[in-house]
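You will see subunit A twice below: alongside subunit B first, and alongside subunit C after that.
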Partner chain A sequence: MTATNQRTLSAIAREEGPRLRAAYPDVFRTDMKARAVTIGTIVLLVGLFVYGLSILETTWWRVFLGLGELGKFVVYMIPPNPETLSKALVYVHALAETVAIAILGTVLAATLALPFGFLAARNVIPSWIARFFVRRSLDTIRSVDALIWALIWVNVVGLGPFAGVLAIMTSDFGAFGKLFSEAIEAADGKASEGIKSTGGGNLHQVRFGLLPQVLPLFASQVLYYIESNTRSATIIGIVGAGGIGLHLYEQIRTLEYQHVSFIIILVLIAVSAIDWVSSRLRFAVIGVRQT
Partner chain B sequence: MVRPVFLVQPGAAPLSSFSPNPQRIDALKGAYADAIAARRNRMILGILVFALVIVTSGWMAEVNLAKLAARIGNFTSYIERLAFLDNGAFVLTDIREWYWGITHWMRLLIETLMIAYVGTIVGAVLGFALCFPAARNLTRSALEMAVVRRFLEFCRTVPEIVFALIFVVAFGLGPLPGVLAIAIHTTGALGKLFSEVVENIDMKPVDGIVASGGNRVQVIRFAVVPQVLSNFFSYTLLRFEINVRGAAIMGFVGAGGIGQDLLESVRKFYYSDVSAILILLIVTVFVIDMATERARHALIGREAH
Partner chain C sequence: MLAIEGLTRRFGAKAAVSNVTLEIEPGAFVGVIGRSGAGKSTLLRLINRLVDPSEGRIVCDGVDVTALSGQALRHWRADCAMIFQQFNLVGRLDVLTNVLTGRLAKVSTTRSVLRLWSDEDKARGLAALDMLDMASFAAQRADSLSGGQQQRVAIARALVQEPKILLADEPIASLDPRNTKVVMDALQRINKELGITILCNLHSLDLARAYCDRLVGMADGRVVFQGRGFDLTDDVARELYGLEAGDVMEDAHGVGAETRMAASA
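For the complex of A and B:
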């Protein structure tokens, strides 16, 4: 016994290996097909990567030079400094505008998407043709980025934050429609059945059977999106749709690094503040549902 | 013989005439009304706060419904103009004219896809390297974990287009800054998701490798990676899908891809070009969505066997 205990595991493996291999050939047989698939996939992925590097004009020399430049920028950025108080106030105001765009755009998108979420849900609209069209349109809207929508809305309502609100609203309308319809499909059907058995119509079933189940879920999704849209809203200013993005864009172009780092820190603070508030609210919303 | 026990003696007054203590009933009713009122008050307060937030936001964001109403026609007419060529013909009547720039656009589209692909791969590799020190169950020191986590947080909180803006100045115009911006953002996003997967693994294989004298690399290779690999691939595919959308707008700041052409077409009012490029993008996103979804289902299916 003591002799066995003193042998290391690798020694046991060396000594017992051949016997085990002979006893259980199935376990030790290499699956050539699976191995070929794995190696083939890796070769394909790496090949595509190398091809990508070649067409994207990435040379190590350029990366090296750029990293040097970047290092300089980081040094220039310290300490973050908006120079004058009035400039700082301008940035804070633009940040508040950004948050306002995110909140308003998200809430409008959710309000608009609510009826479409029901239209795209299998347990509300059994006809697959209607559902197919609603879903595909939602997907189309969703696949266009908020920045592109901002560009289009700027053409319609002119420069300014209102275009940003509409852009966030449009791009999230697609996302909410999809999320809401999935939540509705996952809802428990028994409540609706209960309403039906007491003589309720279709609308009654949706209002009293489905809505109470899905509303807290929707609220928590909306809160989560407000958080992620604060990030989107910081960039739509690049095309003139309001918020802090325009200032960020200008300061980067005019190489005012200390302003840039000040703005980035402002954005980070705002995003984490919203993150904190919305996660607490989300907890409260879901907590209320459970009691 | 056992005598039956009656709750109500036979011949006594029926139960319905049982008269409870009216004061107690009133107290209960009062408590119930108070509870309902408190809930209703909270609800009204919540609605008021919500309305206040919305009104303030509307004021901050210069929402002007009159302007929207006056100009909403522009939106519909804009969409309508997207469907016609410069010579006034409906786009579908002359597809050759509509897609006159197809070779150029396809090249840019491939560039866009490659920006997304290379960025995703670099980001996934970095995220993979950083997810182990960021996972609570594998980290060696609290300090290391905190530093890695803050770094990942920074990478994903700053929008990728902001990184692209800065990188365009540092690396020069072209797809390289776009790739790097997407790679950094992907590192942050995937690093976090990966570390969450690692935190949920079964720790028994880890104990086994540690007990047989494995070092950290061996623990990760033989105990952790086999458990998490399919999840990692699935998340990476999902991220690739998101990055294709992200790469499409990199051109807005000069960081390569089809975005630059789209921006110029919108700014110069080349309506049919805008619709041509948008449709190319939408179709590409659809195809990629479907392909990655299939690949993910196949991966999950393989894991289940």
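For the complex of A and C:
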């Protein structure tokens, strides 16, 4: 294939090697300093991790000794059995309540967070003072976990699923605000510029330049949170904010392990079902692009 | 010798490439012409196996490329380098690293992932960049370069693959007239000096006539014309481009290619 006057790139690289080496010495010099910094950082982080484990009195042998106990629990749980049909129906009803809490709470949180996401984004609100206040308030709300919010809301509106919805809403409002604003900041500015060039105002730029870009991302984040909140809603149920959590806690306390495993399997089915539905919805929102 | 035998690719009910049979001799500079949607891109992507065929075979030097998988497929892809209209560089990596990704099929995974490139590979990368007058940009981030510069980096990446064939998918469609010439001249030099076979998709008949030894015209997924630049008569062009023929034939009657490109840019 290679005729007499033709050479391969490797041959050229060999011939020209010395000249290229002299012309671009930086390319061939291994940057020992940069490498030392990288290795040093890794060593430091590993050291910090090991130190952290040691001061928290991690006793691995206790985990190994406890493995037998864990096995016993599993044996107690088999087979999953709610004993009576009425019990089973009570659990299914409570699970439906949990799923409802998760969906309502997440949707409310996302709706409230949408305007704040834009207010906290640098490319929408150039004034840093306004952004600072929005961001810090989102941080404050986010720093309190859903479980704590549940305890607070139970005291405000009383026991029941309403407190659960409010708890999920408040804690995720902060999370969505942050995620939305970051997605907006990562969006491509060219589309907005195009809208601006047609004489569109600021609101038009956000509506037509930014929103179509970030909406699929928002949708996928919200759908993931609905799934994750189904699990969180189980936990907040324990403090009386409605749903399956209270039943789960009761059955663990009264050592009814076959009931416990039945409830766990119900939650598992619900979470997988939500995952299945949400992945389909996500693709529908994103719209598979033809190339 | 690259032989394409009855190659078909359907997307749903529509055939993007339909029963294409072609022979490409080593060292040729072949231009694939036709309007958008004629199946030119799909044909190139089929050869690189970025897309799998619905029917037919691709045979290169006696090896059935369509049957390759795993490691052998990766080596085939390295053997037929590809450059794209949108360059497909990794914008956040520096130019030399982008070029050295062309060695991935030949370097051990551990070394490449840790970016421990050998001096020989660095020399290859620099030599390729040097051929395209881009060596001084080696340490810059790829997304800081202009379109023409990025395309030259993409060509350098293709060169360090030391391919038998270079597939160029509309390499100049997003470039200005000056960069168009720089890139097309570079492809011609690679074809002549390194003896690499080039298969290049082009919109412009002008450029196709000026640079390619041989033209393949496609319409609706089929090959409707094969021959040299001067065989391409007005009638054939009309068949290839339909109503657009007036636009593309203008350049055959004296309007400079650069004016037309500037107008459409």
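Criterion: the second predicted complex is superposed on the first by the 216 of 291 C-alpha atoms of A that agree within 3 Å, B and C clash if a C-alpha of one lies under 4 Å from a C-alpha of the other, contacts with A are read in each partner's own complex, and residues count from 1 in each chain.
The rule is simple: contacts are C-beta pairs under 8 Å (C-beta built on N, C-alpha and C of every residue); 3 or more make two chains touch, one makes a residue touch a chain.
Everything quoted here is computed from the prediction, not taken from an experiment.
S.K.: Which partner chains sit in contact with A:Arg21 here, subunit B, subunit C, both or neither? Use first/second/both/neither.
M.R.: A:Arg21: touches subunit C, not subunit B.
S.K.: Does subunit B (first) or subunit C (second) touch A:Asp145, or do both, or does neither?
M.R.: Touch status of A:Asp145: first partner only.
S.K.: Applying the touch criterion given at the start, work out whether A:Leu119 contacts subunit B, subunit C, both or neither, answering first, second, both or neither.
M.R.: neither
S.K.: What's your read, subunit B or subunit C touching more residues of subunit A?
M.R.: On the superposition, B touches more of the residues of subunit A.
S.K.: Of the partners subunit B and subunit C, which touch A:Leu9 in the superposed model: first, second, both, neither?
M.R.: both
S.K.: Should A:Ala219 be classified as contacting the first partner (subunit B), the second (subunit C), both, or neither?
M.R.: neither
S.K.: Classify the contacts of A:Leu248 with the two partner chains as first (subunit B alone), second (subunit C alone), both, or neither.
M.R.: Only subunit B; A:Leu248 stays clear of subunit C.
S.K.: So in the superposed three-chain picture, is A:Ile264 touching just subunit B, just subunit C, both, or none of them (first/second/both/neither)?
M.R.: first
S.K.: Need the overlap of the two footprints on subunit A, from subunit B and from subunit C, as residue ranges.
M.R.: In subunit A, residues 8-9 are touched by subunit B and also by subunit C.
S.K.: Which part of subunit B faces subunit A closely enough to touch in the complex?
M.R.: By the definition above, subunit B touches subunit A via 53-54, 56-64, 67-68, 71-72, 74-75, 78, 110-111, 114-115, 117-118, 121, 154, 157-159, 161-162, 165-167, 169-172, 174-177, 179-180, 212-213, 245-246, 248-249, 252-253, 256, 262-263, 266, 278, 281-282, 285-286, 289.
S.K.: Quick check on the complex: what are the subunit C residues that touch subunit A?
M.R.: Subunit C reaches subunit A through residues 11, 26-27, 96, 119-120, 122-124, 126-128, 130-131, 135-136, 138-139, 159-160, 162, 164, 192-195.
S.K.: Can you list the residues on subunit A that touch subunit C in the complex?
M.R.: 1-3, 5-10, 12-14, 16-17, 20-21, 23-24, 26-28, 290
S.K.: Which of the residues in subunit A come into contact with subunit B in the complex?
M.R.: Within the complex, subunit A touches subunit B at residues 8-9, 45, 48-49, 51-53, 55-58, 62-63, 65-67, 69-70, 73, 96-97, 99-101, 103-104, 107, 139-140, 143-145, 147-148, 151-153, 155-158, 160-162, 164-166, 231-232, 234-235, 238-239, 242, 248-249, 252-253, 255, 260, 264, 267-268, 271-272.
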